[in-house]
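Each of the two complexes below includes chain A, the first together with chain B, the second together with chain C.
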Partner chain A sequence: MQTSTSWRSFRMAAWLGWVIESNWTDPFLFAVYSIVKPLSGAAILVIMYGVITEGNFGSALFPYIYLGNAFYIYVGAVMTGVSWAVVDDRELYKTLKYMYIAPINIPLYLLGRGGARFVVGSIAVLITILTGVFFLNVKINLAEVNWGLFFVSLTIGIIMLALIGLMLAGFTLVTARHEGFIGEAVAAALYIFSGAVFPLDVLPEWLRPVGYFMPTTYWLELLRRSLVGEVANAFPTLSQFSNLEILGVMIGLSILFGLVSIWIFKICDHIARENGMIDRTTNY
Partner chain B sequence: MSTLAIETKDLGRIYKLRGNKKEARKELIALQDVNLTVKKGELFGLLGPNGAGKTTLIKILTTLLSPTSGWAKVAGADVLREPDLVRPRINMVSGGESSGYGLLTVRENLWMFSQFYGVPSKEANERIEALLEMIGMKDRMHTKSSDLSTGLRQKMNIVRGFLTEPEVLFLDEPTLGLDVGAMRDVRKFVLEWLRANKERTLLLTTHYMMEAEELCDRVAIINKGRVLACDTPTALKQRLQKDAIFEIQTSPLNGLSQQMLVDQPEVTKAAITETETGTKLNLSLVEESALARVINLFTQKDVKVMNLIKREPTLEDVFIDLVGRSMAEEEDSGQPE
Partner chain C sequence: MDNLNSNPLTRPYSRKDIGWRLFLKTIIARSYPRIVGQQRELSWVLFEILLPMFAVCTYVFVYRALNAPEEYIGFVVMGGAMTAFWLNVLWSMSSQLYWEKQQGNLQLYIIAPNSMMAILLGMAVGGMFATLLRAVTVTIFGTLVFSVKFEIVSYLQLFAVFTLTMIALYGMGMMMASAFLLFGREAWHIANLAQEPIFLASGFFFPIKFLPFWVAAGASLLPLTLGMDAMRQLVFSSATSIGFLDVATEIWILAGLAVLFIVASKYLLAYVEKLAVREGRITESRR
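So, the complex of A and B:
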């Protein structure tokens, strides 16, 4: 009973999320969101890199930041995908209260809704990486890729991001509409602390611990190491740790963040019920 | 197994209002000491003006909102402590809003919700067809819900509530905002469904007197968060049977006040409603002879009588009897403090 409730919550939510996300009745809009936006983000980075390093695209730093930026697309996509479902269902579709009274597992429902963003996000990540490989000299030697490490890290990371998204969904539940962009906002704030586009060593010393505390830091490091091992190893930040050690740290931090997120969601959910916020729509 | 579908004990809800910085935090009593019991198989009505607390009560009974005092049981389980036992057995529909996923067709919207309740897919599709047929929109089954009119969207939402065959179904103003034809469809649908499902319980809120009178086995009249009376429509009206009730349409009242009318001997109740065509008075008189005094008063104030009928009491009169004002007046007087 319990598992079937959880499973159908997740499965139906993923189906619904996919129908909404893949609404490509307007292929132009779809192209803008999943191709143009990530590519222009990458382009800005490439141009800035080119200017600062006077065109030194052969340096190991370039694939490091290019891949970091590409995978970082997942952070915003997955976290927002989960938390935005609250805003969508409450304000736009006016269905959140009907979901809440249904015999479903609400956290799994929200995670399912985020699943669709993961798929769309994957398209953007893939396109960005392929662009790098074919046009920008980002060298990925397929024979040397550590696929096992890649998929394990990717999976754990996505689950971790989805759970953080759940925490943001909790905040969204107890706040007003404009805070629905909280996912993108948090993603942007974490960008500098995750070693996405520069090694953590660049940060002032007193800020570095924030980066070391973020599971995203280790997640990006593992993805880079699995795809372009020798390049990633060239960076001092985590060079004294082995892949396995980093994986261990990432799993530990992911469990910690995941548990805290679920706990915070439960508290917010309780507050929402106490204050009648589940069906509250914003009046302008 | 208990025969009660809904039971509340001293149920209360206070909202904390976030005032602006200058004012202190205010509290609003939305529900107070509500004690209700609804039997299995009943069609129970909650009748009250805007802000009476009807939606608040439904939100508590459907586990969406915690009460601040008392407790409530629905389908045998406590809504606060055992929501997971309540939810599979209930469903809820609020009228006057268009909900649903515009990208999905009517069938897809309904099917998705049935899946959340674990209804086997094939059976769900059969139910969807049958219910859409009953409510008169089977031809729109494959229309995207964004392409439906507001009224049809509301009908779809109503079908969503019945689709999961809940033991207890809550309908919050199901006919709000519908045109006369659609209202009739919905009422007919509700009655037909209950006839076919005698074990099912339905709690309906409305501020249409006629709707409560026509549909409900029992009605609770609620105002400012309190249940003032609860009985069958017939029994409620019988309280007033001793009075003679007159409905009088007049020209403008020229300063004649409600107080002046009730001050007349043997006039027990007077309610004044301004309508588009003039003024409407509802008078309850102990003796018909008191009418003469009222007419006399009109003459003094130069008020003309356009129309005068004596009629059977309605729930509207019951409301006036309990509250001292008509429901329309109560709504105009604004939100309770």
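So, the complex of A and C:
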């Protein structure tokens, strides 16, 4: 059966990414690795919160921090995953040049590599949230969850993250000796400006507009609202906006970031091809 | 005879460095790329300062959102600065022999007439110095931006704690480098795994006293745990009440850890080197 080049590129890249992610060890160690890292990150915040509030996990701020941090795992996984594929293939495996001459769609190939990270990230997000629900008093009532809003927001957000990852992949293509710094730095900056683990009002006033311009800010807000509506409304940052308004802003910003990302990737891809950077190794 | 001496190919060595002189020269030679070479790639310097700063900012804002006492902001700044040392030990000490193996340099190290211990010491000295510059930058940034106030209780004890922490930490890095020599593809993942869990167990961003006693005691095997706990007590006078152990005890334990890790690294390196040669892992490059 014939399949389109686009679908084949994405599907095979996702499978390749999954194999690279998972087959370096036995399934048990892989499961431990996938669980321990995100749970430790969450535990740092839980202890910080517990120390200061003397264990008052009933406050609205706790689920705000906890869920924001849990869903932020996707940013590191998907966005950084797409851009890391360039480093992996060009510097470590030295196969990027073969990918470029193979009959595949390169942007979709890179997005597919991010797809594998999405699967691993989803496991980590799920386990982090379940730990919060069962052990840390994060109250998610399944009957009251706005599932429609949740899945729509999640899907748009993941696509948006993957496209931003494509932009970073473009920058990585034309950058030497930086390994994963670009993805890590952007993910770390977005962690601050998206209000992932603290309301944006805590930021100095002159920095808040940066947060308002980031689609991840609205994405995390919608995910929190869909799971624990009244808790998310407890903070003034976006409380005056309805879910639909925030969804509209998120879609608008996602389209803007997506188009800019594709445009930047095309430019960087052109520069990399013209200057012979596709097979230029600088890290190993 | 004169002809032989004038020919650089046949002329005997004018001076052959052996013994402690070779050992010392190896340390200097291996630390040179860390101290000088790494500073040449300015973007690395920028990213290595920027990433800990982002972590500092995030955790400071979390504490601000929780209306935490001001000294906790100082704890985060100190933790952020010490993060640079842990990341350096993890990625540029522990994993280094693994990277060298991937690059094909390891066999050159092994056949060269110098001590592998001197190579590891050179990596440690160079890494420590280069990272110190980054840690100082993070501390200055955090202090200025977040108005952190330090009240140093004892300069002498502070110097002793920091020095012993560094010796023990880099000694542990040398020991881990030997273990990483045996790893294949999993080395990257193992190093990656040793970030957040260590930040948690060692109390980079909160006082270790708030962890269960036996967890904190177990984490004290990592030099940074007691080092940071002692430094907090010495730098923030209000932190004495939330110290895990008293400073004097922590200094003695750190001194013990420093000796233990350096001695252990010597024996482990010899053992692992022999094992790696026997099993043919010196030139193995599994990706």
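Please note the rule applied: the second predicted complex is superposed on the first by the 268 of 284 C-alpha atoms of A that agree within 3 Å, B and C clash if a C-alpha of one lies under 4 Å from a C-alpha of the other, contacts with A are read in each partner's own complex, and residues count from 1 in each chain.
Keep this in mind: a contact is a pair of C-beta atoms (placed from the backbone, for glycine too) under 8 Å apart; a residue touches a chain by one contact, two chains touch by 3 or more.
Because the structure is a prediction, the values reported are computed rather than measured.
Putting chain B and chain C on the same copy of chain A, do they fit or clash?
Here chain B and chain C can both sit on chain A without a clash.
Would you check which partner chain A:G276 touches, where first means chain B only, second means chain C only, and both and neither mean what they say?
first
Which partner reaches more residues of chain A, chain B or chain C?
Between chain B and chain C, C touches the greater number of residues in chain A.
Tell me the contact category for A:F28 with respect to chain B and chain C: first, second, both or neither.
The answer is neither, since A:F28 touches no partner chain.
Which partner does A:P199 reach: the first (chain B), the second (chain C), both, or neither?
Second partner only.
Tell me the contact category for A:I101 with respect to chain B and chain C: first, second, both or neither.
Touch status of A:I101: first partner only.
Does chain B (first) or chain C (second) touch A:Y93, or do both, or does neither?
Both partners, chain B and chain C.
On the A-aligned overlay, A:M12 touches which partner chain: chain B = first, chain C = second, or both, or neither?
Once the two structures are laid over each other on A, A:M12 reaches chain B alone.
If we overlay the two complexes on their shared chain A, which of chain B and chain C does A:F134 touch? Say first, second, both or neither.
After superposing on A, A:F134 lies clear of both chain B and chain C.
So after superposition, what is the minimum Cα distance from chain B to chain C, given in Å?
When the complexes share the chain A frame, the smallest chain B-chain C C-alpha distance is 6 Å.
Starting from the residues of chain A touching chain B, keep only those that also touch chain C in the other complex, and list them.
Chain A residues touching both partners: 93.
Which part of chain B faces chain A closely enough to touch in the complex?
Of all residues in chain B, those touching chain A are 15-16, 56, 59, 62-66, 84, 87-88, 90-92, 94, 97-104, 108, 112-113, 115-118, 160.
Inside the complex, what are the residues of chain A that reach chain B?
Going through chain A, the ones touching chain B are 4-5, 8-9, 12, 15-16, 19-20, 23, 93-95, 97-104, 273-276, 278-279.
Which of the residues in chain A end up touching chain C in this complex?
24-25, 29, 33, 36-38, 40-41, 43-45, 47-53, 61, 65, 92-93, 177-178, 181, 184-185, 188-189, 191-192, 197-199, 202-203, 284
Per the contact definition, I'd like the list of chain C residues that touch chain A in the complex.
41, 43-44, 47, 50-51, 54-55, 57-59, 61-68, 72, 102-103, 185-186, 189, 192-193, 195-197, 199-200, 204-207, 210-211, 287
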